[in-house]
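There are two complexes below, and they share chain A, which is joined by chain B in the first and by chain C in the second.
Moving on to the complex of A and B:
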């Protein structure tokens, strides 16, 4: 007999799922709500929820005081650039680990992951000095390279797990059909791995977009991305909560929209029907 | 031209020897079948020929050319995989055209050959579909199509029919045999199914643990198996192998008699017995006869109309000229 779930049970499950979803989303919702309040309402106690004087004043002030588009452009270049650069390195690396593994492959993978356990601040000093030496401080190229290196282990790991799912026989078939290594990766592996590559790209853009430690420490003005834009409204004194919220909302909006639209692409699998 | 010669070929994975030194020649235009139980090294041998694995030592010559340094793509061989290994993101047309595209043929020539292959394989109506939208048999035909467009020196088949259901398997078996007759290209076919081996092969290579147990035409193997392994492996149902005093009467350690070479009678015969389970195929009936005093039960193939029931007392008589004799090492006594 098929397992049946009662209606009550279903309703309960739905309620719980919505509850968890709301708890997770609450900080973002609160930030967005606050961005439409006046500074006084933003810190009102008890807090005001929906019934306040909705205003766009904060957005106007933020627009006036800082050049949003410059920060946005820097974010796009740094997040996009580090992702593209990372994929160029990660795809062949994950390919070799998944399809021509050596005895040490597992060790290398774990070692790469272990670098993520190092507190970033531990290498801030040496990297800062290197950046000064190379003249990379407050440059987009410098930041792109650092963010690429930071996220590379995750990219390789994700791609590795996706590539592992691709039947090796299909790649062997490509080899028999006359494909060289380049053609094999370009025409067979990559198209089949598109859902995996897409989610890796998206995750990496999100990680790079939200990365604050390095972007704040290695930039000043020229290369500063949206994280610096938010930080500039975070002040220990004065009434800045509403403006800070407006800046945050403007900073996360592009990535939120990107995530929303790419949901479907991420889920859809292309590899069905190849084998069996 | 596709003569394939294996000379002292060995393959080791770490400390495990999969193929001990092995010699074999497959003539141009021959349909050779590698058959053996799982783990006998037949697929490894095929992959060595394909170049998907490197030989540990020895030499494989394709058309007289040593192949050690030639990558799979340049060996002029086409392979059909057990899982079909189609490219899921490409249409049938693009799947079949892929090797031509890799070879750098111009678009018109690609189209011409794909159309031709599709006609041969009844795939014309499916050219714009993706593999996911095809049935198992159609996918198998696409895999074969991808192999034939290249006009290879030899085809390599790695258990191509084992994912198909029984009815389709018989059909595809015929299609592949037909293809061989028409193309006259060398084919090497790996299977664990001795029926496929018997029905399709010009030459059967029986393998066990990487060793060649016997090479010969289907009927040679059927009529004169070189040892007990081949005797038990080739033929369906299996040959009855009898040891003990009955074998000693023939100056042998073991004697073998095929089910179809034993007659069954209710009144008289050489070995008395009791009918156990019988399997009715319609055309034939297989009786599993017990209590013969010969050790294990004896299988007898009789006409479908012969009607003995479970528990009936019967008598068996082997055909004297069809008894195979084997010595203590399991080798055939001539």
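Moving on to the complex of A and C:
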């Protein structure tokens, strides 16, 4: 009896989990389906689901009209660059806050988070003007710095949480064995915090990849990443949903694949602490 | 020997640097409309002829407007050519943000530009943006449904004709709505349409002293009429419908009539996308019986050069190419006359080959019926037909648009919507110092 309840429960849980998963994934699924339809099918009412003449026409048009590889390259550099740069700053910062906290550490952590509480548009003009002065408009380096700064609080917070769970005694033991600060961070702390660092890196790449406010406002032609590529397929006069879906699918495909392959690390990093 | 090598190397570097310095690149900001995309596709011809490279920045309309405004107001210098509309051109020209196009060569033939377009894109007698394509608005209707209803659409209908036709064609059981018109809030969305209705009913946004006039009986009559049309014969959820939503409905056979941009004609008659392609007729935008002003707007997507560009001469060369008579011929040769950007040049409409395009004549008549300098029955201090060419318009147009959208959604009566719009426009204009 008890056994059947457990099985029933399990089945129910699985069904609920699948249901939630499907709801969450549905917009992406719909985008992918739409990208294989004609413009007329894309807006058909009632909507067509799976039984239509699948076409690659939208992908052909998008390939022909836009230089996809250039947008992709910009996205990789900006997302990758801002993550690497961010980690170089965030790891030592999180280390010091976790292992040598001062009276002000808590305040500093909260203060860093407070920068996320202002809507981005509130600082658009100051940053735009600074970018003009420094000649950083429409450059990859400018965008890399801005995205790094935007995601830095999240990076420090995440790493801080992981580092906190590593027993200080292990680091102490390393120090007693004669390890300097550099060795301590590089050879003792980092390997133990790998799951946490990996999930921070992945999450940050995803955030930077999808960032669409600064990337649209601070770029024109040369440094425009995939978000600008997607935005170029919306039209005020004329149907565009199928082509827009094709462009979106192409833009999210790399990050989706990366996420798929690294889901183990991502889930582990996000659900467990650094040391079990 | 060593010297020889280094000499060769330094000469090579010098040559590469020099050629790099001479290879000019223009950055062009534009929208994703069919005609612009076609221009992008054909622009390799320009590069081949002049050696000037082109970088395209294609953006969604609202993002484009925000980006180019931001760039031009802060002298960001990111764009050498911008695609702007009739609303921005006179305002930006007055502020000295645009380069005058007086420098275009003689054979560009400015006198060939349709007078209404030229008037809307000029400031102080100088052209500041060259029309790439122009549009007015007109009635598109289903010839089969009209025939079934035993009605005939006059070429110059009145609002009474439109209402009668809408009533006759509405068939709720078969999901056919008599009329589809814009309801979504926005200065370029529902307010473009409502303002043209108001113009045709004898209303105006401001009197000659810039006092808001939305409390006038003409406005009430116009807005009540618009609201009744949508409530009685419009599609469900009309408060969210803009150009693309109505295009979709019309192409699927859900609308008896659609009053919107003339550029839509090529979409609804395209058999690849439209289920009613062979059953569409065209008529001029309506007027009210006894009044001459018709409810048609005037808009152009035009190319302009921001002041402060380092490449004014090359930009001028590109505009000369993209908006010339030769360009129209080029598109016709490659893609057929139906795909030529409409509404910019007189010579296009004098061309017998273009006359065979089914919507050519009605587009020209609609554009010619629009006069941006005299948009209303009573005199007004502003330029613009479906907009008021002042910087405050984007704000007040959008706020007022939200009230009218709420009215269409059934949350406000026409009287309430107008009273609220009047109040917010008055406040805004007082704050702006009018």
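To be clear about the criterion, the second predicted complex is superposed on the first by the 259 of 276 C-alpha atoms of A that agree within 3 Å, B and C clash if a C-alpha of one lies under 4 Å from a C-alpha of the other, contacts with A are read in each partner's own complex, and residues count from 1 in each chain.
Please note the rule applied: contacts are C-beta pairs under 8 Å (C-beta built on N, C-alpha and C of every residue); 3 or more make two chains touch, one makes a residue touch a chain.
A quick note: this is a predicted structure, and the numbers were derived from the prediction, not measured.
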Partner chain(s) touched by A:100 [first = chain B, second = chain C, both, neither]: neither
Contacts of A:177 with chain B and chain C, given as first, second, both or neither: first
First (chain B), second (chain C), both or neither touched by A:188: first
Chain B versus chain C as contact partner of A:169, first or second or both or neither: first
Contacts on chain A seen with chain B and repeated with chain C across the two complexes: none
Residues of chain B defined as touching chain A within the complex: 50, 52, 71-74, 77-79, 81-90, 98-99, 102-103, 130-134, 136, 139, 146, 150, 163
Chain C partner contacts - residues on chain A that touch it in the complex: 38-40, 43-45, 65, 124-125, 128-129, 132, 137-138, 216-217, 220-222, 224, 228, 231-240
Residues of chain C touching chain A in the complex: 27, 29, 31-34, 37, 40-41, 55-61, 63, 67, 70, 74-79, 243-244, 247-248, 251-252, 261, 263-264, 267, 272-275
Residues of chain A touching chain B in the complex: 167, 169-170, 172-180, 183, 187-188, 191-192, 194, 270-276
